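Letters A, B, C and D mark the chains in the order given here, with residues in each chain numbered from 1 onward.
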Amino acid sequence: MTDPIRVLVWNENRHERQNPEVAAIYPDGIHGAIAGALRSAGLDVRTGTLDERAQGLADLDWADVVVWWGHLAHDEVSDENVDRIQARVLEGMGFIALHSAHYSRPFKRLMGTSCRLKWREADDRERLWVVAPDHPIAAGLAEYFEIEREEMYGEFFDIPTPDTLVFISWFSGGEVFRSGAAYARGRGRIFYFRPGHETYPTYHNADVQRVIANAARWAAPGTTPQPTFGNRAALEDR
Amino acid sequence: MTDPIRVLVWNENRHERQNPEVAAIYPDGIHGAIAGALRSAGLDVRTGTLDERAQGLADLDWADVVVWWGHLAHDEVSDENVDRIQARVLEGMGFIALHSAHYSRPFKRLMGTSCRLKWREADDRERLWVVAPDHPIAAGLAEYFEIEREEMYGEFFDIPTPDTLVFISWFSGGEVFRSGAAYARGRGRIFYFRPGHETYPTYHNADVQRVIANAARWAAPGTTPQPTFGNRAALEDR
Amino acid sequence: MTDPIRVLVWNENRHERQNPEVAAIYPDGIHGAIAGALRSAGLDVRTGTLDERAQGLADLDWADVVVWWGHLAHDEVSDENVDRIQARVLEGMGFIALHSAHYSRPFKRLMGTSCRLKWREADDRERLWVVAPDHPIAAGLAEYFEIEREEMYGEFFDIPTPDTLVFISWFSGGEVFRSGAAYARGRGRIFYFRPGHETYPTYHNADVQRVIANAARWAAPGTTPQPTFGNRAALEDR
Amino acid sequence: MTDPIRVLVWNENRHERQNPEVAAIYPDGIHGAIAGALRSAGLDVRTGTLDERAQGLADLDWADVVVWWGHLAHDEVSDENVDRIQARVLEGMGFIALHSAHYSRPFKRLMGTSCRLKWREADDRERLWVVAPDHPIAAGLAEYFEIEREEMYGEFFDIPTPDTLVFISWFSGGEVFRSGAAYARGRGRIFYFRPGHETYPTYHNADVQRVIANAARWAAPGTTPQPTFGNRAALEDR
């Protein structure tokens, strides 16, 4: 695509308003930090948050790709919005679920599984290893990158087997996790990326920002065929 | 497992009661034909139909594997029953979706996609080719088997990429279809098997019966670890 | 990449010199037809043929992607050249195997399987269906495309399960085939594309040309991490 | 299968004869320890070692499954034996590669990649997490198991993406590794299982023994169709 990719960064934006510790790390919200990084990477970015008009999804039809962060208020996202997001992904829109969005309604809908996992908030060190060195989401990285302090997420992570597993995380407390999971669904693409607990400055990390920008480019729709469905005449005489 | 596998054959059972042509082919219902075949294969079989008590799912907790056929009344299956089936699969129960059950609520829930496809009712010949010759669902078959007359289902079939693609169908009208699609989800296993339009005697076909019996054995839960989730203490001093 | 992708189109180039029927279809060789199409698509193209210096691989280190066509003389390709191609692919070079190159030495080396199949030269009609509508190799296509007359290739095709299956072929004689198979190996990418028997004008077909150009772009190396191997000190105190 | 599965445990058997430390851990050789465990699990077991007649492969045609351990002398295994093993696997024989057999000739032949990795001999603790809880190779395990001291193997591990990834290892020095990798190739099945450095008593570990027995059962050939290849008449009039 010659035009910049259009990314809607959606954020629940509750922790930032309720917890001064989080607000100090993300004065413009988690969405603001991510949007800034994606703009610096040359993408065309808008933001939306849960308590805005249309639950922050007024620009859904504009977006090539949606980046999603949520935690406290998953259940407040409406059935209608979950339906719209699923339909848009199957038509070709990219969807990038970050951290606690593993348990968001749109991600669970698209996966079909419980998306549950093990967790611990205890300042673990996380080291993300690249296990798909051909994959564009790993462009520009080294063989691994580290996050000094993060929440731990551990296996078993109840997701479908990724079409491509891009990262595996090591945690200092003894666990591993499939931290970068890429999927095709319908004509669309989905990426789950693990890091980003709200009490750590993870979205200011340059490697994390690079992965999200890479994922947005990878997930943007191209000019592949739009599937059609329904009753069809035969193509051959029989 | 030393005990026989417990299979609940679930059928919507509406065509059989509304259409004399279908009733003539399946005097005991589609569920009766399948149940008979599975009993002959040594499995422990019960049946359930939509208009029975508990929507025919009173024996859901008893079952190792559920076989599902539906078409006219997908929307009548309750939210609660869809939730229960999904939860049971993720805990280890097998689920085998037949033919028009591609569009059933439990299957769509487990896939996360629209599960739409192209179709035609025009007496196509179908030839199913084995493309995973190591897979137990293909045990005892030849390299392909034929169904003289069937409804056509054509690509694009909007499902997640199968963990294993077991069969590809050729249709005389010019289409192909991913006809045998195997998935792991949570601790459970799912198989989609295409043949079985209600106006054809497909479930009396010995190869079709063999595939369903093979799939039930393959999908039965074993003694693998039951995943657990939630907050966890560290396993290592850091 | 801002510079054009560098593609080496390699051809055995024996049929063209031995069979006037083939020479009439491909007066510049199969490599000439493919090279012309790729140049029109904006790629930087060189060609090499088996009976040239260095078996036509003098430009191997220059290439981002190699396209390979062979049939009569697979065994004449030297061990050293097979080793070099495998090593280059694992380091990041793309490799696109066309038609009878399923049985070429580099492709068999990279797959690890026999790569055998069923075949028939009988003017079958082939219809290639897109089954991965998000995949860049399908960019710009319709939901299927047809080749009026081609050699048939049928399943079972003894290849590893593709990382992504992009096309499935329907043949008028009754067979199906996994016609577009995409793989990651090491840091590199491999695509097998079925059409192209030498006695048909297949490489003059616009859809076939488009697929090969798409595949070359998809297979070109990016800026992902170059894996390293060997003895390593610990990253953590234990 | 009603008869016990026939397993040929093949071992290079050089460390055991050269290094008293290894001989003390494995007085009957690594093959002896593994064979004893598999016999206790009810399998029909023979052993072969590199310096025996026919390079220890006299019973290759007898075997349903081969378990392979090698390290010092990979290059001494003959071309003919590598060819025979590959052919037998594609016809349906199981092949289980243990630890340093990642770099054995049969495994590299079957994978088509370099099979290189990072390593360290420094008494790391290894914890293997189950990430495919439906898979029969994980039968009877807990959610993870530990090996107190082992050699470290780290990513990137240059193998094809596993058809199923069963285990991911955590190492105390900071690395992760895809430790249980399952593949279908032709009609056969392959499993790579990481643990087992010769200077540690790993093959006396009950969990490790259980995994190898599970893998042997999983890899044994069934009654799936034997693929055939070559020229074929059309199945349909065109």
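Observations on the structure shown:
As a convention for this text, a residue touches a chain if its C-beta (ideal position, glycine included) is under 8 Å from a C-beta of that chain, and two chains touch if they have at least 3 such contacts.
On a predicted model such as this, the values are computed, not experimentally measured, just so you know.
Fitting subunit A to subunit C on C-alpha positions gives a rotation angle of 180 degrees, to the nearest 5. Ranked by separation of Cα centres from subunit D, the top chain is A. Annotation: 32 Å between the Cα-based centres of subunit A and subunit B. We define each chain's centre as the mean of its Cα atoms; on that basis subunit B and subunit C are separated by 36 Å.
Counting partners per residue, subunit C has 127, 130, 132-133, 143, 154, 156, 161, 163-164, 172, 174-175, 184, 186, 225, 227-228, 235-236 as the residues that reach two or more other chains. Taken together, the subunit D residues at the contact with subunit B in this complex read 92, 127, 130, 132-136, 138-143, 163-164, 172, 184, 186-189, 221-228, 235-236. For subunit D in complex with subunit A, the touching residues are 127, 129-133, 143, 154-157, 161, 164-165, 168-171, 174-176, 178.
Of all residues in subunit B, only 86-87, 90, 109-114, 116-120, 122, 124-125, 152, 154, 156, 158, 160-161, 163, 172-175, 183-186, 225, 227-236, 238 touch subunit A in the complex they form.
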